Every structure is written in C-alpha cells, then in structure tokens.
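See the structures that follow.
Paired with chain B in one complex and with chain C in the other, chain A is shared by the two complexes that follow.
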Partner chain A sequence: MDLGPYLVLATLEGAVTAAVLALTAVGLSLVFGVMRVVNIAHGEFFMLGAVIAWALAHGLSGHPAVGFAVALVVAPLVVGALAVAADMTILKRLDYDPERTIVATIGLLYIIQQLTLMGYGPDARPVAAPFNTRLAIPWFEKGAEGWQMIWPWGLGTTSYKLAVIAAAVAVLCAVWALMARSRIGLVMRATQSDREMALAFGIPVERVYALVFGLGAGLAALAAVLIVPIQQAHYLMGADPLLLSFVVVIIGGLGSLPGTVVAAVLIGLSDGIISVFFSPTLAKILATLLVGLVLVFRPQGLFGKRGG
Partner chain B sequence: MRVYALHAGLIVLLFALHFLLPAYHHGNLARVMVLASYAIGYNILFGYTGLLSLGHALFFAAGLYGMGLGIQHLGLAPAPAFLLGLVAGAVVSGGLALLALRTSGVAFMIVTLMFAQAGYLTLLYFGTYTRGDEGFVIAQASRALWGIDLSDPGNRYLAALILFGTCLLLSLWLVRTPFGRVLVAIRENEERVRMLGYDTFAHKLAAMVISGTIAAAAGAGYGLLFGYAGATFASVQYSIFPLLWVLLGGAGTVLGPFVGTLFMFYLIDLSSGITTAYMLIAGVVLVALTLFAPQGLMGEVRRRLWKGLP
Partner chain C sequence: MLRLDRVSAGYGRAQVLRALSLEVKAGEILCLLGRNGAGKTTCMRAIMGLLPLMSGRIWLDKTELSALAPHQVPRTGVGYVPQGRRLFAELTVAQNIEIGLMARGSGPEVREEVLDLFPRLRERYHQRAQTLSGGEQQMLATARALCLRPKVLLLDEPTEGLQPSMIAAIREVIVGLRHKGVAILLVEQRVDAVLSVADRVAFIENGQGGVVMRAEDLRADHTIIDRYVGV
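Showing the complex of A and B:
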C-alpha cells in the first residue's frame, strides 16, 4: 500500500478513538467544570462500564445484540449510581476541597480497580459486536489507462466502527442539549458560575453535584460499552482513557465543553496517526509532555479564553 | 533536647534490632528504611512546604537509573555511580521544579503527574538500554562498596540504616533551620511570606531539589542494596506510595514518614498473603485517611500528647 491508503486507515481508526475519547473526556470536563473536582477515578468508571457490558453480554443468552443493547442502558445507570453514592459518602464529606478530593479519588481508583480484579479476574475478555460487516474502501490510482478505482487489500472498516462514531456524535448532541436547553442544564451552569449565589437562590447544590458526578461517570461507562467490542474488557483498561481524557480536557480548556470536543477530535486523530506511523509509546510520551507544557505555559488551554 | 533524644533513640533502636530480629523481618526492615528515606524526601516537599507532588517516582527512578545505568553501561564503581544517581535526581527535580512551580494547587499536581508519566514512558521507549518493565539485575560483583559486599544481609541492613539515619537527621536539622521555618510559613500562607520580603519561588525551588535529591538517594540506595532496577519504580504507583506513607504517618512530622512506611509495608505484606488485590488496602487507607484522620498517626500524637514534636 502507498502512504495515502495508510493515512485513510489511520484517520478512520483515529476517528473511532476520538469519538470514544470525546465521550469520556466530556464526562471528566463536566465534573471539573461544575464541581471543580479532578476525578482521578474517572478511568475506573470507564473500566466498570466495559466489565458490566461483558457480564451482561455473557449472562444474557440469545443474540449478542440483546446483551449489548441492555448493557448500553444498564451499564451507565449502574456506574452513575455508584458514582452518586461515592459522591455522597466521600466527596461531600471533604467539602469538595480540591487537593483532598484528588487524594480520595486516587484511593477510590484503587478500590474499584482491585475489587474488579478480585471479582472479575485478571483476564481480558471480548464482547461480540451486535453487527460487524466489513466495508472495503475504494482507492484511486493512476495506472496505465489513467485514473482507475482499485480496492487495496486491508483498506477498510467495519459497520460497527462507523456506528460507534455516529452514536458518540448523537450522545454529545444530547449532552449539549441537556446543558444548553434544559432546566437542569441551566441549574448546572448556574452552580458552575457561582456556587454561593446558586445556593442563595435555592438551588440544591449538593444534589446538583451528585447528579453531575453520576452523569460524568455514566458518560465514561457509555463510552466503554461502545468501545468494548473493539477492545476487550480488562481490569487495568482504565489507565489510558484517564490519561488521554486529561490531555483532552486540559488542552481543550478546563471545564469548556466545546473545547473538550475539539481537542478530543484533534488528539484522537493525531494519536491514531502517530501510533500507526511511529510507536504508541512515543504518541503517549508526546501527549503527556504536551499536557504538562500546556498547563505550565497556557493554563487556560489552547482553546480556552484567558481567565475563563 | 528531648527532640534529639527521641530521634537518636529511634536510630539506636534500629541498630539494636539488627542483632535481635529474625532473618525475614531483618530483611523487611532494611527495605522499610530505604523506602522511608524516600518518604522523608517526599515529606519535605509535601509535609513542610505544602506542595503535593504526584510525580516523585520520577526522582526515585532518576536515582535508581542514574546509579544502575552508570554501573551497567559506563562501568562505574558503586560510589561514583551512587553520586551519579544523586546528580541525576538533583538535575531532574531542578528542571521539573522550574516548570512545575510556575503553577500551583491542582495544576501543580497534574503537571508533576504528567511529567513523571512521560519519564516512565521514556524508560519503556528506550527499552534497549533500560530493559523496560522487565528491568535488569545489578551484578553482585559491582555492588561492593570499598570492599564491603552490600548484597550480604548484615551489611545491607547497616547500609540502609546509615542512609535512613542520614536522611532523618538531615530533615530534622533542615526543618529547624530558618530556611525550614520559611518553608512551613509558605505552607501556611504563601502570600504573607512574600509580603514579608522572602523570595518564595527560590525557597520552593530549593525545597523541591532537596526533596528530589533525597528521593534519588533512596532510589540509588535501593538499587545498590537490592540489586534490581525496573521501570515499575517509575510508574504512578510509586508516586502514590510516598504520599500514602506520609499521609498515614503524619505529614509535616519528622518521624511520620518512617512510621507510615513501616505500618503500610506490613499491612500490604500481610494482606498480599491473603489476596493478589493488595492495592485495595492502599485505596481503602487513602480514602479513610482523607476522611477521618488528615493529620496522620504522628500528627495525632502531636495534637494530643506533645505539641512541640517537630
């Protein structure tokens, strides 16, 4: 294959990464934006989503699509409920103090991860995709008789991967509508801009916090259910999404949802392309250095406004 | 006076235990002392200066690999290799400090976390030299310092005690100097310290370099005494451990790091006999500490029994 088809392939893989990453990162960004809490356990909520999807797909007999469809609904709800419980029992009692909540969520990370190790075991387990048709992609090449259409071997994608991208876009639109157009979104934005004032206007800030924390975790779980037929469910799978979500949230500007989505697309695509042409480790080194340097020299993020 | 008696007493007690302990606990305690030195380094930055770093594994690994790669690839003798580890730790912590100290609070935590992660991944990337996750064994022949074989359990214990004693007394002395007082003042109210005319950036920079160099000394010592260097020591987990030990023992107390390391080491040692998910204990302890005892064990002692405990 020439460079061109490779690039198309890398972009497609990158687009799937970007879609899932956008969902996970928006969850993290929402929690940070509204609550000012850096949730280190976010990756573990992602992992829990994948593990629950495996358990449901495995437990429910019948067509793989049945278990998967159930998981799509149940996993985010269960994980969200868990996060709400964690918020009410731990974070609320710390008064949402930024540094202490980080230490507490690190503890939460190990608790969730290790309990999963005890219950689920150290193996990586696959989940069957509900549908998985191979789609070949044509390519144009200049041959002896001018331009002609060819079907290079290995260039293609699956219908499921395209569906993941579409689903992520739909969910992101729903989140945007929730935040911008609904009453509960209005309450959330009011809490974000001034907690004291919101409290004075009779907004139940603590309940809003619990809801936001649950929503953020639920989004991570949803992203994991979408990706689990492509990757596999494993108890350590939360580390990479956590790292990349951090990259995305910080580069996109802390707490800014549109910035987060733009950054997710950017990072997802470049991660895919760098991983295909160089090594995944190098891609991660560059990403972590980028986050560190952005935080040092442009703390408002590449797309954020100054003082925002 | 009582203060010096207490700390000297701990060192004498540890020396006496050298002759008393059974082999298993003797070996464990040597390890605890080296790790406690790491925690002492961490405590200077976190406990006394109030800067919560999530990237100290980078400094520990700088010492470990500065020493280990010096022996492995440059053919250095242990003493210069140890020094190379210290220099590596000082340079890395100084460099990171210049960048990270431009931020504060949560941003500082994430910046240190990210750079430490980049350092860990770099170790993996250059796997041909560092042997990545698998690590490399430092040959017994190259672990003899001035003719003393450090792989012998007795010598190892005493070497660990010397390293730990030096770090303990150094930190005790440091926090009682005017410099150390300024660090505590920065922790309590940085604005006010700056208003009083102190250069807070220079003080924080110095604190971070001292802290990083002690961590590197512990890393280099660990490699020399236990003969192994692996990328695991640079992973996030090894940045979380000193935080856990210091929080448990009591942040901002000189003895706290040792007490915390000792407790946590045996807690994990006991629980790993029961389950492979021993990090669960670490998670539960972290959450419980932040919820119920943010002062830690020695912090409680200071609050209830002895106000003047350094």
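Showing the complex of A and C:
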C-alpha cells in the first residue's frame, strides 16, 4: 500500500481524536473565558461521564444502543449538576479568586478520582458501541489500464467513529449558536467582558457562573460518552484529556472558542498522523514543543487577545 | 428619592467612605465634588452594591438598596454610567443596548427612544463598542443606562476626555432627564460644567460629607470650591 491510504487512515483516526478533544477543550475554554477559573478538575468530569456511561450501559438491559442513548443524555446532565453543586459550594465561596480556585479544583480532582476508585474500582471497563459497522475506504491507483478503484486491505474505519465526528461537529455548532445567537449567550459574553458591569446591569453573575461551570463539565462528560466505546472507562482516564485540553486551549488562546476548535483540530490530526507514521510519544512531544513555542512567541495563543 | 444614611465602605480593610449621608430628590441634579481619592467613585459603587457596606444604609424611595444583591439594584431603577465607560467592548452597540433593556425588561419602544436621543448610535448599530470613538462610547454608556428607564442615574465623569460638541450633547441629555423627573447624581471634575448644570453641589472630603450648597450660591462664591477641590 502507498503512503496515501495510510495518510487517509491516520487523518480519520486523528479526526476522531480532534472531535472529542474539541468538545472537551471547549468546555475548559468556556469556563476560563467567562469565569477566569482554571479548572484542573475538568478531566475528572470527563472521566465521570465515561464511568456513568458504563454504569448505564450495564444497568440497562436490551440492545447496547439503549444504554448508550440514555448515557448520552443522562451523563452530561448528572456531571453538569455535580459541577453546578461544586461551583455553588466551593468556587462561589472563594469569590472565584483565580489563584484559590486552582487549588480548590486540584482538591476537587482528587476527591472525584478517589471517590470513583472507591465506588467503581480500579478496572478499565468497556462499553459496547451502539452500532459499529466496518466501512472499507476505496483508493485510486493508476495501473496499466488507467485509474482504478481498489479496496486496500486495512484501509477502513467504523460507522461509529464517523458518527463520533458528526456528533461532535453538531454539538460544537450548537455551542456556537448558544454563545452567538441566544440571549443566554449574550449574557455570558457580557459577563465575560466585564463581571462588575454585568452586575450593574442586572445580570445574576453567580448564576451565570454556575451555568457555565455546569455546561463546561457537561461538554467534557458528553465527549467521554462518545469516546468510551473506543477507549474504556477507567478512574484515571481524566489525565490525558486534561493535559491535551490545556495544550489546545493554550495554543488556541485561553477563552477563545474558535481558537480552541482550530487548535483541537490541529493537535488531534497531528496526533493521529504522527502516531500512525511514527509513535504516539513523538506526537505528545511535538504538541508540548508547540505549546512551548506558543508560550514564548505568542503567549496569548493563536486566537487570543493580548491581556485578555 | 435616593438617600444615603451614614454610609461607610471601602476596599478590604481600607475604609474610603466614612459615614457619608446624601440625598438626591426626583428631578434634581446633585453634583458630588471633591479631590481625587475623596471617595466620589467609591460612593457610586457603593450605591450600585458593587462594594459591600461596612455600615449605614442606602434607600431608593422605600426600597433599601443596601439589603439587595448587587444584580437586583439596577432592577429597582438605578442606572449607572461608570467612569471610563466600561462598555462590553467585544459586543456590538445593539448588544450593549440589549443588555441594558434586559435589566428591567424594557421593550423596543425604550430602545427607539434612546436611539432617538443618540442618532449617531443608530449609524453604528452593528459595530463593536471597542471600535467607537470616545464620544460615541460615552453616548453608548449613557444610552445603555437609559435603557433601564432609571429613576436615579449615577454619572461618573461623563464628559471626561470629550470634545466640546459631545459635552454639549451629553449635557443636553442630562438636563432633559431632569425635566422628566429623573434624580441624577453626577461626579464631575470640571467645575464650570458642574455649575452650569447642577441644582445642588455636595462636597466630599476624605470620604466624609461636607457642605451641601445650591449651585447658584456657589456661582457667586468660589471660596468653598477652592477649599474642597483646590482649583
């Protein structure tokens, strides 16, 4: 097989990573953008989404699609509600002070992680995909009789992976519509712009913060539900998404949603391609190097604003 | 209408206002004069609930503003035009006005009324606030506050850094609001501007209330201005 089919394969794998990463990182970016809170526990909300998906998939009898469909709705709602509770009982009491909330969310990370270990256990557990048809991808090769369509062995994906990409794109479009076209999005953007003036114009800032924190966590949980049939649910699975989300958010520009999506696509695709052709470790090294370069030469990120 | 009753407030442990008492009546422009750091802006922030009070109470008619959450204060009809405008810079003129309308559920007729007062904003309606000139930004800050249909309007240095034609336009709006019965608390550095528009002037020194005089009496006697403001 030529290089081309491998590249297609790697790009598809990268697109799945990018889709899930974009959802997770947009949640993190939203929380930082509006609330100025660096949420270290974001990866644990991701992990909780996967664990809840496993619990629902195993608790509900019938076709795997039933449990998965319920998890798609319930896991983000439950995790979002937990995040709202954490906001109201912890972050609000700290008056959303940027430094103290970092320490608080580190504490939250360990509490969620250890409680999950106690309740769910240390094992990695699979969740069946609701559908998983193998799809072969055609390739075109020039032979003696001109261009021919061939079906190279190993060049294929699954219908579920394509569905993950489509679902992530749909959710990202919905988030964009929420922020840019809705009344609550306008209120969030006003709060992001100037918290004090938002209060002076009747915006209940603390309620907006609770909503944003819940929404950010819910997005992470949704991303986890989408990816858990490809990976497995494990109590330590939040670390990688957290690290990659920070990489993405720093490159895209803290608080910039378009920047976050572009950076997620960049990191996700490069992760897929470099992992296939070289090694996953090299992909992580290059991503970290890119973060270093961005921090040195453009600390506000590719799409961020200086001092913003 | 608006009454401050022995209000003390500050930042952390630093007390700025010390038992300040004031009253602004409906249809009156009361100007707060004092040196830099005397507590004028702090007074406005305290009224808006943006600073917790150390002691004292603030009333709007029979509603105790100091007992409300900060976001509830504007809903009672207190409009605020802060120093430096503090617009929602990334939002458009239309969106800034929309935020103002939301606070008290004002309808589109209020928006039209406000845009009639500042026709320039109609031309810039879909432009981001940060791209407006200083004068246009001040118009927008004032328009945004007027969307609340305020009973009381707090204006913190509304003419700062503006060209004379803009100052005249803002002044005209302020006088028009007085005729409609709006109580206006004005902080202004320019004494001539104060004396030309205010009904009464309250002096503030080290966070404490000083003399309160009718503006026309001050026009005849500048010595008190020299004492409190030093100009």
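In the analysis below, the second predicted complex is superposed on the first by the 301 of 308 C-alpha atoms of A that agree within 3 Å, B and C clash if a C-alpha of one lies under 4 Å from a C-alpha of the other, contacts with A are read in each partner's own complex, and residues count from 1 in each chain.
Going forward, contacts are C-beta pairs under 8 Å (C-beta built on N, C-alpha and C of every residue); 3 or more make two chains touch, one makes a residue touch a chain.
Because the structure is predicted, anything quoted here is derived from the model rather than measured.
J.: Now for A:108: first (chain B), second (chain C), both, or neither, which partner does it touch?
T.: First partner only.
J.: Regarding the shared-chain residue A:204, is it in contact with chain B (first), chain C (second), both, or neither?
T.: Second partner only.
J.: By residue count, which of the two partners contacts chain A more extensively, chain B or chain C?
T.: The partner that reaches more residues of chain A in the superposed model: B.
J.: Would you check which partner chain A:196 touches, where first means chain B only, second means chain C only, and both and neither mean what they say?
T.: second
J.: Where does A:182 make contact in the superposed view: on chain B (first), on chain C (second), on both, or on neither?
T.: neither
J.: Once the shared chain is lined up, is A:133 touching chain B (first), chain C (second), both, or neither of them?
T.: A:133: touches no partner chain.
J.: Residues of chain C touching chain A in their complex?
T.: 48-50, 69-75, 80, 82, 86-91, 95, 98-100, 102-104, 144, 148
J.: In their shared complex, at which residues does chain B touch chain A?
T.: So the residues of chain B touching chain A come out as 52, 54, 99-100, 102-103, 105-107, 109-111, 114-115, 117-118, 121-122, 124-125, 240, 243, 247, 275-280, 282-291, 294.
J.: So in the complex, the part of chain A that touches chain C is made up of which residues?
T.: Contacts found on chain A: 183, 186-187, 189-190, 192-194, 196-205.
J.: Can you tell me which positions in chain A touch chain B when the two form their complex?
T.: Checking each residue of chain A against chain B gives 38, 90, 93-94, 98-100, 102-104, 106-115, 117-118, 122, 243, 246, 250, 279, 281-282, 284-285, 288-289, 291-293, 295-297, 299.
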